[in-house]
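Reading through the structure tokens given below for one structure.
Chain IDs A, B and C follow the sequence of writing; residue 1 opens each chain.
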Amino acid sequence: MATKRTLEVELSTTGMDAQGRPQRVPLVVDDGGSPVALEAPPAIEPDLAGEHMLINIGPQHPATHGVLRLVLELDGETVVRCIPHIGYLHCGFEKSGEYRQYNQIIPYTDREDYLNSPGNNVAFALGAERLFGIEITERCKVLRVILCELSRIISHLVWLGTTCIDIGAFTPFLWSFEQREKVYVLFEKWIGARLTTTFTRVGGLGADIPDGWTDDLKSFLTAFPKVVDEIDRVVTKNGIWVGRTIGLGVMTAEEAINHGLSGPMVRASGVAYDVRKDFPYLDYETYDFDVPVGTNGDVYDRYLVRMEELRQSVRILEQASARLPEGPINVKDHRVILPPKSKATSDMESMIHHFKQVMEGPRPPLGEVYVPVESPKGEKGYYMVSDGTSKPVRWRIRPPAFVNLSAIPKMVEGHLLSDVIAINASIDIVMGEIDR
Amino acid sequence: MGLSRRPDAALAQLSSGGDPWVTTRLDFVVNWARANSLWPMPFGTACCAIEFMATAASRFDLARFGMERQSFSPRQADVLICAGRVPFKLAPVLRRIWQQMPQPKWCISMGSCASSGNGIFDNYAVVQGIDTIIPVDVYVPGCPPRPEGLLYGIMLLQKKVMNERAADKSLRNEMEPDPRSQLYIPPPVIDEISEPFGNSVHQTRSGL
Amino acid sequence: MSTSFTPVVAGSALPADAPAAATPKSISHRGGSPNPTAAALQARFPNSVRSVTVVWGETTVIVDRGQLLETVRWLHDDPSQRYDFLADVTAVEFRDLEQPIEVVWHLRSLPYRRFLRLKVLLEKGTPLEVASVWSVYKSADWLERECYDMFGIRFTGHPDLRRLLMWEQYKEGYPLRKDFPLRGRFSRSEQLRQALAANPEARYSKEELTIAQAFEDLPDDMRRRLSAGEKTGE
């Protein structure tokens, strides 16, 4: 795991000091030419200094990345306390899941963390397959790795675009969304949908990749790192960016673990915890990739960690597309996978399998599972409890963004109002997952 | 039945006397200006908001429709594009934002969740269609709708705006739902009216 | 110039010759080898541990609710256990309404790379209360609030147990209970009316209003209702 941080940063814009703040020119000089400190005027209304202001941000606000409401107690412009209110996008996912068969829950998984739809589909399928006791085929594993990493790329691109807008840079938003469109074209060719993919099934995938898809993926992977480099050139050492993000929202390693942070949030604080490395799935231990870890736990480190994760995802994708084995994508078990239509209309046994699966749905044995995966936001898992019927008794989403956001009161205390926006952006929240 | 007067009624009176040429040219100019510079207020909640952002980005580009200036303040907006599912907790917020928008204003309900609650979200928490809260002009189906779909919806709205007449006062009427008004139907009456088909509170429907 | 720093690495407490982490394969439904913590818990809290099961490779330990906080604190502090990461707090109610509600904690030990599921059974008819683990893990803050919101389980010792996802005045009940219908208890029009009746601008709690010293600016009936103890905020 490589550390990606140097303390001395060479700035590309002049007129800034090492912290990215403009060089100060003294306004008042005495006769000798040396600057004179101005004295603050005496406080006329000492009461004014003690009053705190209550400000309400949201729930509708462009910079809250969804319908989040923050009530801030301000002392001047410094935040004394932050009380977040969520639930404005609570749509009863977990309740709805109790009334659906396992394959019918997959559309719900797209729509909660909608930036990471294919990744969520994979996470759910892994959990359901563990619950059913099914081993998927090798080709399916590699294709799911490709889905996970592509969805990590598009999620980080949204984060990058919207965070740049929040901090003031508009152009990287257009660049990152153009790259998302290229991934959308790949998804459309294979899956048929752009955003909400609903692509995995218990035991396999919806469809195999079309001919020539891996060539399209390779050409995307050749062009994409250049765009990442371009955004890097413009943003990473920019004095304004550095000045607005260094030292903000610091969480130490112990605090981060205790608050349950995961994903880039905890890795930026110096904790090398990545579910792909520590509790692997889909044979991730056989891929050669690094996990970036930050040192300071501030907003700037989270940005660097996510930028590096984009590059590492490209690395994994190259390896995955090179090793894609031949074979079927679905398991041969007709209790979970629909038989081919021609057999279902001619062969009695296949017809019965088809009927049972469509009308009732596949039934797992009694049990419960929790299989975590590394989503772009952190440790995500679906805790499923089965009572032997085709609908789960309890379907719980462990939402990484929810737990990451619960640390925001700690992170913004003592910072300025404009820093609240930057810190909020750095958590990479997606309200669909937080509120479910 | 106590419904408001149909807008056609006003038009019928006008066209019987014949429209002055000046008024129709003025209508055209005003509507053309409004239709081609609709400033959207993106009330984006969920996945549709991401597709809205993709529509506003470089490949599909809302700027060529004059909608580049997205105003997140409702006071400066023309169109409320509700993109995403609206739970009951968010309903008063949506209503308040609609009330804060000055006339002339329109609403596009983007996506199936905003248009009708989307079959998968027929549960205790989600508003089954924002037209129960605010008046909607164009419904764009899809989950999420493709950017081309949203653009088609915007073009339909533009056509609707072009067909407006300044003399028709009923277009800019705003009504508060008042329990005493004839529009309010109390719950027992709703249950009775929907008896042959059931309504959402009857849990035996479709076995769920 | 970069100063060297040691990252906190998961698996740091494992011996150097421990096998590397790998994707689990061919997991049996039942009868896998349990997490060593289960045996340690049975040794340390013999009266409290009711059962240990291993399903699909995951160890579940059911403990008595009386000693829960002590158990969790021991799991967090003991150097041979070091469960430093609380992944989730949730509850399960079964369709058979006679079965107790299970409150589930998912604990993870990063140094030892272990996963443990801890459960407490709350029999129906007994008060749905269990100790809060907020004093041990700060991540329990919102996780327990959500569990209270959805199931009505009170976590004693939680600093601020309020509804989180539904609004505080929500009258229909606790959504994830099995006796709560999918579409809610009220009709759609009634749900809409109750939702629209909430004034979004009056949604500051009394605590928030004290900060702003804005209590006097409220209209009369609002002040009366707040002073009577009604919680307007979420």
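One rule holds in what follows: a contact is a pair of C-beta atoms (placed from the backbone, for glycine too) under 8 Å apart; a residue touches a chain by one contact, two chains touch by 3 or more.
Keep in mind it's a predicted model, so treat the numbers as computed, not measured.
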Chain pair, A-B or A-C, that carries the greater number of C-beta contacts: A-C
Label of the chain whose CA centroid is most distant from the centroid of chain C: B
Length of the line joining the C-alpha centres of chain B and chain C, rounded to whole Å: 40
Chain A and chain B: spacing of chain centres that average the CA atoms, whole Å: 32
Mean-CA-position distance for chain C and chain A (Å): 22
Sites on chain C at which at least two other chains make contact: 166-167, 175, 180, 182, 234
Multi-chain contact residues (two or more partners), chain B: 89, 93, 123-125, 208
In chain A, residues with contacts to at least two other chains: 87, 90, 92, 95-96, 99, 435
Residue ranges of chain C in contact with chain B within the complex: 166-167, 172, 175, 180-192, 194-201, 234
In the complex, chain C residues that touch chain A: 1-3, 5, 7-11, 20-23, 25-27, 29, 55-56, 58, 60, 84-88, 90, 92-96, 104, 106, 110, 113, 115, 117, 137-139, 141-143, 146, 150, 163-167, 175-176, 180, 182, 204, 208-209, 211-214, 233-234
Chain B contact footprint on chain A (complex, rising order): 59-62, 66-67, 87-92, 95-96, 99, 107-108, 110-111, 114-115, 158, 173-174, 177-178, 180-181, 184, 194-196, 431-432, 435
Parts of chain B lying in touch with chain A, wherever the complex brings them together: 42-47, 49-51, 53-54, 57-59, 72, 84-85, 87, 89-90, 93, 97, 120-121, 123-126, 143-144, 146, 208
Residues of chain B defined as touching chain C within the complex: 88-89, 91-93, 95-96, 122-125, 127-128, 132-133, 177, 185, 187, 190-191, 199-201, 203, 208
